[in-house]
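Below: a set of structures, written as structure tokens.
You will see chain A twice below: alongside chain B first, and alongside chain C after that.
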Partner chain A sequence: MSEDLQVVAFCCQHCAYAAADLAGGLRLQYPPSVRVVMLPCTGKIDALLVLQAFESGADGVMVAG
Partner chain B sequence: MIVAEQKSLDEIKKLVGSAQKVLVVGCGTCVTVCFAGGAREAAIVAAELRMSTKLDGSPKEVTDVTVQRQCEWEYLDEIAPKLGQVDIILSLGCGVGVQAIAEHFPGTWVVPGLNTKFMGLPTEQGVWAERCAACGDCILGLTGGICPIARCSKSLLNGPCGGSLDGHCEINADISCAWQLIYDRLNSMGKLEVLMDIQPPKNWQTSRDGGPRKIVREDLRLDKKEE
Partner chain C sequence: MSLTDTLPLRHKPAAALVVGGGIGGMRAALDLADAGLKVYLVEQTPCLGGRVAQLGFMFPQHDCVLCRGTADHGYGCTRPSISPAYIQHNQHPNIQILTNTRVVDAAGEAGDFTVSLRREPRYVDIQRCTNCGICAEVCPVTLPDAYQLGMTMRKAAYKTAARATPDAYSIDKGPYCDDCVKCEQACPTSAIHLDEQPRLESVEVGAIILALGYQIYDAAELEELGYGRYPNVLQALHYERLASRSGPTEGAVIRPSDNRQPRSIAWLQCIGSRDQKNAFCSSICCMYATKEAILAKQRLKDVQCSVFIMDERAFNKEYSAYFTKARDTHGIQYNRCRVSAVSEDPSTHDLILRYTEANGKIHEERFDMVVLATGLQPPESAGQLAEMLGIGLNKHGFCETDKFAPLQTTRPGVFVCGAFSSPKEIAETIIDASGAAAEVMRLLNDRLNTYPTSREWPFLSDTSGFAPERDVSSEPPRVGVFACTCGETLNEHLNYPTLVQQASQFPGVETAEILDFACFPEALGHIQEHVQSDRLNRLVIAACSNRTHESLFQRMMRQIGLNPYLLELVNLREQCSRVHEGQSGLANRKALEMVRLAVGRVQLAQPVYKKKHRCRPSALVIGGGLAGMTAGLAIADSGYDVHLVERSERLGGNLLDLYYVVEGVNPQRLLRDLVNRVRAHQRIEVHTRTEVVNHTGHLGYFITGLRTKHNGTGENFSVEHGVTIVATGAQEARQHPYLKAPGVITQHELEEKIIHQPEEIAALKDVVMIQCVRPENTPEYCSRVCCTNALKNAARLKLFNPSCRVTVLFKNIVTYGFREEYYTEARQLGVMFVRYTDAEPPQVYFDHNYDRLKVRVRDLSLDRWLDLQADLIPISTSIIPSVGSAELARILRVPLSSEGFFEEAQMKLRPMDFMREGIFLAGMAHYPKFSEEAISHALAAAARAVTVLSQRDSLYLGGVVAQVDPAKCVGCLTCTRTCPFGIPQVIHEEGRIGVGGLGGAAFIDSALCQGCGTCTGECPANAIQLIHYTDEQMMMRAIGGLGTWKIPVISEQ
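Our next item is the complex of A and B:
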């Protein structure tokens, strides 16, 4: 993935965010252009949140939960 | 509730036209619960308009606000301070809400963002169906609580017609025959004798045929001299 692309990753704190933590513990790398946003639950995601990310300049949005 | 559907973004953009500053006004009542024009939908339409017009090369300044009820002037007063800062209002209220804004703010251009469809109810998650046609002379007491005016395609008063087939309407198999529903309900309640009375032609003057309608309650008016 190009590092020029800004990606917002909405991650559930109970699974995907914990997995990202574990990946960090394992010294696995991911592009710095990925911005991780922790959510209590990805059930919180709705169209408005995704639109706000795009409006704020994101090229892509990832929802992981 | 009044049930409405959002217009397409293309149509909304055409309605907004060349106006630069747009205020999207949502309504917190009927169109909120049918997911067409509440606070969430107003914010989404505003975001869509901002992004779409930015991509078109002529970005607009779009903000949004939601009032509890667009169909009462008192609730519209809270948007009055914003009017000087906008060129146009995109109302996500029903047709009553759009007209209430136009009447209350005569100098403000207002356009509709919804198509108002009917008075009905949600029959399941994501499905709304028409139940009342506001004919002005309710006959539900004669039909077991099922309205043939709104739910029979022909608004028959003495049904069913010959197009009723296996409980469905001839115009669309997805539509239940209202008169079959009425018969089944009266039958299940042991009240089939209700159907023995032939209903005379209905006086449609109480409906739209009598022109625009109005109710005046003298006991509730503050200034009875005022017309």
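Our next item is the complex of A and C:
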């Protein structure tokens, strides 16, 4: 069940996306259900984008920036 | 034939050397590089970043410094920092980074130096290092990690920090390395060469900038404080590392003796500062200790924080408010005393402080941890370097500079910035750095733009010589997928053959292949061949991070003749393979899904172009005071025209009334010199009695309406210019009830009297000065210059009449940096200092019994009220923004700070920029400043201006920007309110008709838009789309983009 979870993480390319990169550099482990989407700025986030992710079946949406 | 014709012609170097790769050196290098000069950036350690790279947070905003200060950040970010230009594959083409390098000699003269460099081996080829870390894994040698101040261990094969520039490992072949060559054998890319030798190189440069930084005072010198003996006595940088997320404890502050969370922490200020041996103030410790204490309060439950402090020196924008917040909101205790000794309870390792309270009582208190706020010392290499370069050092061992030439050393052509010239914080280092760059631009004005660069593409480069771009608009998408194993390191967890096999089945994919090193030249050539043979028009490269490698592949695209935006990078390394170890099935599914999405998205990709603009080669400088004239001259000397606008009849501003300074040099000479040079300069047009009426346009092309007043009538005219500099200054507040009383004057008026009525001054017997007099209804902030001004006047009074009793009533004496010595001097002259508090401010009254003016103040050390007689009461009132600042801010569409001064783009890292591109800030319009600081700030603004002006005909703007579909716009103004840059406007013009024939629709100028996309997210009518991030590109509904896994779990092999 848990392997079908999908968490969509919308990340600002300047900070949160960089943090995700840093996690990779440091080999910090997290579940493969997290899927990172890069944004030019978290200001780009549209409520519709979040709702559409849920509508398409996402179990969680994270906005980080 | 003239003599010069007979000499062999030799090109003078269009290059500069920057010594020191901290933030100051990086900033200076970038400005020089942008002005078209070649820059050699020399750093003695293996990576850039300097001291700032070790800091987790900056006061007063507590931003993480790692991403902002060291390497990355792009254009268009709402919070841009230094530059993206230090990312390895995006490196500025004019900057050559020379790490592990020292300067050993500099021969020649200003404009033409030959500098010898000794380059120590790194033993790792940074072009081939992929950061896999295998060398460190196999290395048997373990050493204390200097980056973490010895609190953790590292290998001899190591990387200074997880994120470093250059982004590569290095081998520390110290005596502990036994040449086992395991690293060399294990390196999958053969990047390690242990037989590398040190080598001498020489470079020819026109100028040198010294950005050496500082070293931290060695607290072990003060044995009585127990540093080095008691485990729980730390120096501040230790604490900084402990509190940093990238520190040894990932941000958990613990006591070294028992790894327990401290319940009480004491900060001891002025360690190695303001004492007999170090007679200067280190300027930054009050603020950083307060930052550390606030962080402790925020993170450690019920911790008690005490700071033992002499004066609160919070002398910059928002710093006073930060202190107040620390005390009132966070409950940090400030004790006004200097702790003379620390002792330890050996059973618990708790620390016992004995100190004298304000009322003279001795008090003893126990703390779990003591942090020593260690001061700044001249950099270790200062003495040797100074001797080698032939530059002077001051008596404290810092670089000698002149008050009115604060960025010049004693050797022409050699400039200085940052803490090497005096203790200073990040923002001032950045100002100095750009300012020093302006000095170099002025010196090498005949060589600017020798190496032109453009920002036509996201990677900074000279794209001349690239193949013409192929028009792919009529071709169906033909996608090539290239999956990189990063030297067989990623396929440990991911099944590459399955990945490419399945990827090749995705619609639109023509070819899918595995590569070992996609970023190496051989692979780039291979991809290029495929593009040609398979007629590919879009590429997906499944490799590593966009942030490190996108620019490299974009450049490859452009070289092949494809638009760089017809590319998708899939971050398999940082965001899949390395973070999902041991979950191969799920990781493989995620990898394939990532590739599937990229294939889908790249098919929606359209070419993106920036628009080429011609930059008007002139600057508008608003304000004809010290900063305005300095900035104007620097720009004009660099070869660009300047319109200098001054509201009053005369140039000079506050400098007109500045007669002497504490350092002894004559400001009136500076004034005459500046005015003469400005008036005589061919490139400067002075407009006095002129004010700005309106201001439109964008970076590179502004049109400003000006109005000159003549005898009651006005003449309007307009000028076109590429950049604008705001240098409107500030003024002493002249309104306060006290000033109505006879005998009460401002410090400035006292200065006038000292100059014009010295006999009156010599007759004074009792003078009481009151500091920090704030006009009603004005915000509280430190005006920075008043303490030093009061001291300068007090010293004059004592000089005229040594028996005159001068008393200074103060809250905090803010004589930071080397100004501390004038405080010491004033005390030696017999000036008395009485501290007062906000709770009990001094009262000025007229004593009718004695027919005299008196001041009543509570003396905290005697714990009683004093009634001081006064012949004269000079008061230091707030320095307030110039009249009309708010109106000018409105015209320029730039913000003001809470104090009413102009607000810069970012307080620490962009102190001379506005958020609106092409407008820069100089001098007291930013915040009260000393003349040397105003000069540096003006030069910094000039440097930034010249980097724009020097782009001449190749200013590229636009690209990934927001676009409005007027037909959908309902004119609701949401975009105008939400844009962080204030760019959208609802305008009514031909063809711009909103929904239902609405008169007008939103307009976003592509030359101004920063591409953050905030408006697109907020627009309720969905009328705005961000290029390259359209709704369809974000969601990819057609292929079931986000949400559920479209690909089944790939079974483990």
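As a convention for this text, the second predicted complex is superposed on the first by the 61 of 65 C-alpha atoms of A that agree within 3 Å, B and C clash if a C-alpha of one lies under 4 Å from a C-alpha of the other, contacts with A are read in each partner's own complex, and residues count from 1 in each chain.
Everything that follows uses one rule, which is that contacts are C-beta pairs under 8 Å (C-beta built on N, C-alpha and C of every residue); 3 or more make two chains touch, one makes a residue touch a chain.
Computed from a predicted model, the values in this text were never measured in an experiment.
Engineer: Contact-wise, after the overlay, does A:L51 reach chain B, chain C, both or neither (first, second, both, neither)?
Structural biologist: In the superposition, A:L51 touches chain B alone.
Engineer: If you tally the residues of chain A touched by each partner, is the higher count for chain B or for chain C?
Structural biologist: After superposition, C is the partner touching more of chain A.
Engineer: With the touch criterion stated at the top, can you tell me which chain A residues are shared between the chain B interface and the chain C interface?
Structural biologist: Shared contact residues on chain A (touching chain B in one complex, chain C in the other): 46-48, 52, 54-55.
Engineer: Write out the stretch or stretches of chain B touching chain A in their complex.
Structural biologist: Checking each residue of chain B against chain A gives 40, 43-44, 47-48, 50-51.
Engineer: Where on chain A does chain C make contact in their complex?
Structural biologist: 3-4, 6, 8, 12-15, 17-18, 20-33, 35-41, 43-49, 52-58
Engineer: Which positions of chain C touch chain A when the two form their complex?
Structural biologist: By the definition above, chain C touches chain A via 64, 67, 72-74, 76-79, 131, 162-163, 545-548, 571, 573-576, 578-583, 585-587, 589-590, 593-594, 960, 978, 980, 1011-1014, 1016-1018, 1022, 1026, 1029, 1031, 1034-1035, 1037, 1040-1045, 1049.
Engineer: Please output the residues of chain A touching chain B within their complex, sorted ascending.
Structural biologist: Against chain B, the touching part of chain A is residues 46-48, 51-52, 54-55.
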